[in-house]
Amino acid sequence: MEQHTVSRTKEFLHHIRRNRKVKAGLALFAAILALAIVGPLFTPYGPLEPTGEAGRPPSLEHPLGTNTFTYDVYAQTVYGLRSSLLIGFLGGLIATVIGILIGLAAGYMGGLVDEFLMMLTNIFLVIPTLALLIVIAAYIEYRGIMIESLIIGLTSWPWTARAVRAQTLSLKNREFVLVARMSGASGLRIMVGEILPNMFSYAIMVFILQFGGAILYAVGLDFLGLGPTKGISLGLILQQAVLWNAIQLGMWWWAIPPGLIIALLLASLYTINTGMDEVLNPRLRRLE
Amino acid sequence: MTRGVWNLCANILELRGVTKVFKTGLTGKPVVAVDKVSFALREGEILSLLGESGSGKSTIARMILRFLKPTQGSIIYRGKDVWRLQGREVLEYYQEVQGIFQDPYSSFNPIHRVEHHLKQALRSLADGKKNFDEDNVIREAMERVGLNPQNVMGKYPHELSGGQLQRLSIARALLARPRLLVADEPVSMLDASTRVDLLNILAELRDEERMTIILIGHDLSLAYYISDTVVVLYRGSVMESGHVDEVLMRPKHPYTRLLLDSVPQLDKKWEHRMGLENGDQDYDELSKGCKFAPRCPKRFDKCEETPPLLTLGSRRVSCWLYADRQS
Amino acid sequence: MLLEVRGLRAYYRTLTGYVKAVNGVDLQLGEEILGIVGESGSGKSTLASSIILPKPPLRIVEGEVLFRGERIVAPSDTSGLTRVRYRHISIIPQYAMDSLSPTRKVYKIIKDLARGLGDDVLAKARRRLRRVNLPERVLDMYPVELSGGMKQRTVIVISTLLDPEVLIADEVTSALDVTTQRAVLEMLRDFKDSGIVRSIMIITHDIASVYQVSDTLAIMYAGRIVEHGPAEKVIRDPLHPYAQALISSIPKIGIHYKMQKLKGIPGNPPSLRNPPSGCAFHPRCSRSLDECSSREPRMVSKDGRRVACLLYE
Amino acid sequence: MGLLSYIVRKTGIYLLTFFVAVTLNWAIPRLMPGDPIGVLLSRFATLPESSEVVYSYFMRSFGFDRPLWEQYLDFWRALFNGDLGVSIYMYPQKVEDIVLQALPYDLVLIVPAVVVSWIIGNWLGAVAATSRRLDNLLMPLFYFLTSSPYFWMAIVLAWLLTVVFPLFPSSGAYSPGMVPSLSTAFIIDFIKHWTLPFLSLLLVMLGGWAIGMRNLIIYELESNYSRYMEALGAGRRLILSYAFRNAMLPQITGLALQIGLAVAGAITTEIVFSYPGLGFLMLQAIQNQDYFLMQGAFLVIVVMVLVANFVIDLIYAAIDPRIRSAYAGEA
């Protein structure tokens, strides 16, 4: 994420609405969100409710067929989507908030604080986050959505911290910060009142990436059997599918569609982010 | 209305041997940006701090405004060392000393409307007058600098011109009713045709309100137009200082002469070709002796040692050529 | 006549509409140094881009540019440029300090740019570097290793390496100290007088500095040329109200506030998105007639100069 | 010798990272609620020859009755003589043996996948940057690829290329009954098993590089030096080659950052194909609550990523003149 021209919020939103990538991304995301909200209304079955028929291919009654345990794959998918979205939102939010706090502090205060925080950030950037999450999650008996979001949020903030620090450094040297200091404003008031508001549109973009990242980590953990101990999630469906050789037994409907939804969800978030990046950074924008 | 515990003395501001060394680059190689600079400023005067890029003039401005701590030396404002002020005294300092900067668009936070900074200054600095109507005072300050509040209030910085924003900066500084204004290249980013109006405002502040102003810049003609005294800087050291007519009309230091030869004037063209200096100069930072020696046409053996700041009448010059004529 | 610009209109397309940066310019360039002076919002740099590098978001809307009578730039066709670029028309860009790729040695850049265009260009480059007082080892260095001043002189050497007839110098002095400014301007004068280049178009906002070396001056305002003529005449006895106000508002050493209070031009620089109707300067002009706000002035010649003002029509 | 100080600085950071990773590895079990390690130790006690196993430094570092700093020192002492504890799942094999046995499978999978995807991705990204039509065509595909979870891509490939078109074996590193040797038969069989995991890693990583390179090139094409060269009549191919050269540099540092993600991706991909690398090992460790094996695998993964990052930093320092000149001043 590189230096962005500071755009006025009004003008920024004006361009956002026109950007093709943002519109496409939003449309896809809205569709998936709708599936998560209204999806369950279209099936009488619960995610873990036996339906009496195992391994049936997709049919009117079971849009995504059933798996070896006779569970309806469509029901599992829509309910699983809800928990994945929730973890994505919570985990992403925690990571973004921590990242902004650390990036802002490191960027504005400089000196030893900056040195220490950036060392911490670089260390966590190098250590593979999923491997670290595995070690943490494995030791937790009861894993709920809250806990999973927390550990993801606590380990995936470095990307944000580094990007926000770069933004803060460029804003900190702007003369309006000196003007504020001459009016006796404290460091905190300058960070919150002068620097942070300039990063509003930037923070949205960072949150979108963290949202996607959190989903990816959550699904990864679930796939390894470290997902929520109760309930269903997209990762869990795929874990079961692989464990019980869905593919080899020809039950493609058990493994492919849930994964496709994850990919489309992440693709939509990524597209929105790229579109916003183009608006904020005119050099990347290719005028249609 | 006296504020704080400032004692009255002839020189409102004095720099004594102020030095600033920066660690640069990835390896922290030391660079001496300001090298033992001393000068004094009498109340009600405009002093021009003149120098080219890399002369340290902006660094000095930032040290006076307490943004950068000097590595050595002291800055005395009305008898007190600026960098030994504590707590409440710092706020009192900013009630007396305000600054305006070079880039109008960078001096205003693009997210807030332009009066945000004026309100901020009013609330924290103008403590003497608590019972006032904020908007009224702000409108007055705007009119004071020749702005029509109607077409400025409530606007965002990007909706105004550089000239309008710079006038707003002066208005903001005036809200604290300061005694000293540090103007860091206030007009260099404005169009030539609007610079003079800004300078007129500064001159009026000096004449009508005995405001003391340090004007930092590189344009000699602009400096001559409104300054009383001038300090010429080169690579962090004072080359020459004194009354504006002495220094800019009858310069003594070779560097000041070189500057005056190079300044393009609309009434006469350059006669002889000055020729290109060796472009491959990387001045050895820590070299002893006069810093201008490598480029000085009048260099001689004495210049290997650092020249002292000699006093010739009311002028001061740092050059061995005048060592014997010290008065 | 080396270069001729006829009725040129060049607009920038932005998301919120057109910026009419060049709004009807007529210009002739002979074997001379022409100083083009304009303040912010005058469209002077856009004029340079329109001649040598008209590409999106800049669009040539109307008019043409001719080199030695041959059309090189027109609204829909800029193919003529490929033949003349660098060999006949060259440019010293506004951003000279970072117009060399940081990861490629200088001599490689020169060889790439001049491939198959001239005899042994490197030998010539060495001679030219000596001429601008730079050591020959610059060729073997990476641009990132050169100081700002050295980079600018290297770019000047590269741009003039094939002895182009027309050289456009876009704001070459703005980032420099006053001593180096004089050196660079005199270097351009030397390149003209020694015949390395036949004509130079120096584009700048600093009228005093360009006056020192130019033969003729053209003053631009809101995308049009308001006055164009011999430098001495334009400076000594400017006709157009904007030129008069501009020249009178520039302080000189010797003019002090207490003796003579100068006056700037009231109002703000013109918006190029929707320039004022009629003569663009009328809102700020002290001598504006009532028809100035409706009728666009034509370029007329008056005692040895061309001026666009209803006072002289 | 500016370069030396650059290398020393970088090594310092990586050593520090290793130190933090080991400390985390030691601290996490102790921070977690419940007594997972206690349960594990008690399971050991019931196994044969457990007596001499218990007395290794590693085991003593889990002597919870002893002060924390002592446990910590023993943990480091164990690490220095390569003792990562014993696996409960493959008792009595030592963790370091199991992990070092799995490491080659990871290297032979991840390294080629990263390198090949880097080359193809950058090339495709450059191609996309050259023409608007290609750009609109390729970019959505890249967005989808880079957004697909690694293991889902593995599942799709498994379905397409082992079920719909049964061209490749669906699990393991080589056919059962084959003995790992350098014979051509074994190598061919190994390559057939290696292809699908390699492909799924390749496809997902490919998207990331392509997007990065495309943006970098467009950014460079808008730079001042590109405009200057174009104004001097330089052809589109020449300008593109300059832009590509400058865009490659950040992609090298990008390589370092992507290694961590690639390794994480490999963990999940290996599970789909039961490919006996560290990832598959991690799964077994999780399923059997074999904490020592899991933490041993984590440490080796971190070391692998650190070494990769260090190598990439060296390559970058050698190539980018900016780094050399920035440090040259100090010589």
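Just so it is clear, A, B, C and D label the chains in written order, and each chain counts residues from 1 on its own.
One rule holds for everything that comes next: contacts are C-beta pairs under 8 Å (C-beta built on N, C-alpha and C of every residue); 3 or more make two chains touch, one makes a residue touch a chain.
Bear in mind the structure is a predicted one, so any value in this text is a computation, not a measurement.
Interface comparison, C-D versus B-C: the higher count of C-beta contacts falls to B-C. Chain A has its Cα centroid nearest to the centroid of all protein Cα atoms in the structure.
Using mean Cα coordinates as chain centres, the one most removed from subunit C is D.
For the pair subunit B and subunit D, the distance between C-alpha centroids works out to 55 Å. Remark: subunit B and subunit C have CA centroids separated by 32 Å (rounded to whole angstrom).
Centre-to-centre separation between subunit A and subunit D, using Cα means, comes to 21 Å. None of the residues of subunit A touches two or more other chains.
In subunit B, no residue touches two or more other chains. On the subunit A side of its complex with subunit B, the touching residues are 6, 8-9, 174-176, 178-185, 194, 197-198, 200. Against subunit A, the residues of subunit D that register as touching in their complex are 13-14, 16-17, 20-21, 24-25, 28-29, 32-34, 36, 132, 135, 140, 143-144, 146-149, 151-152, 155-156, 158-159, 162-163, 170, 211, 215, 218-219, 222, 257, 260-261, 263-264, 267-268, 271-272, 282-283, 285-287, 289, 291, 294-295, 297-298, 301-302, 305-306, 309. Per the touch definition, subunit A reaches subunit D in the complex via residues 119, 122-123, 125-132, 134-136, 138-141, 212, 216, 219-220, 223-226, 238, 241-242, 247-248, 250, 252, 255-256, 259-260, 262-267, 269-271, 274, 283-284, 286. Interface residues of subunit B facing subunit C in the complex, by the touch rule stated above, are 52-53, 161-164, 191-197, 199-200, 203, 218-222, 224-226, 244, 248-249, 258-267, 269-270, 273-280, 282. Touching subunit B in their complex are the following residues of subunit C: 39-40, 132-135, 138, 147, 149-150, 153, 177-179, 181-183, 186-187, 190, 205-209, 211-212, 235, 245-247, 249-257, 261-265, 268-269.
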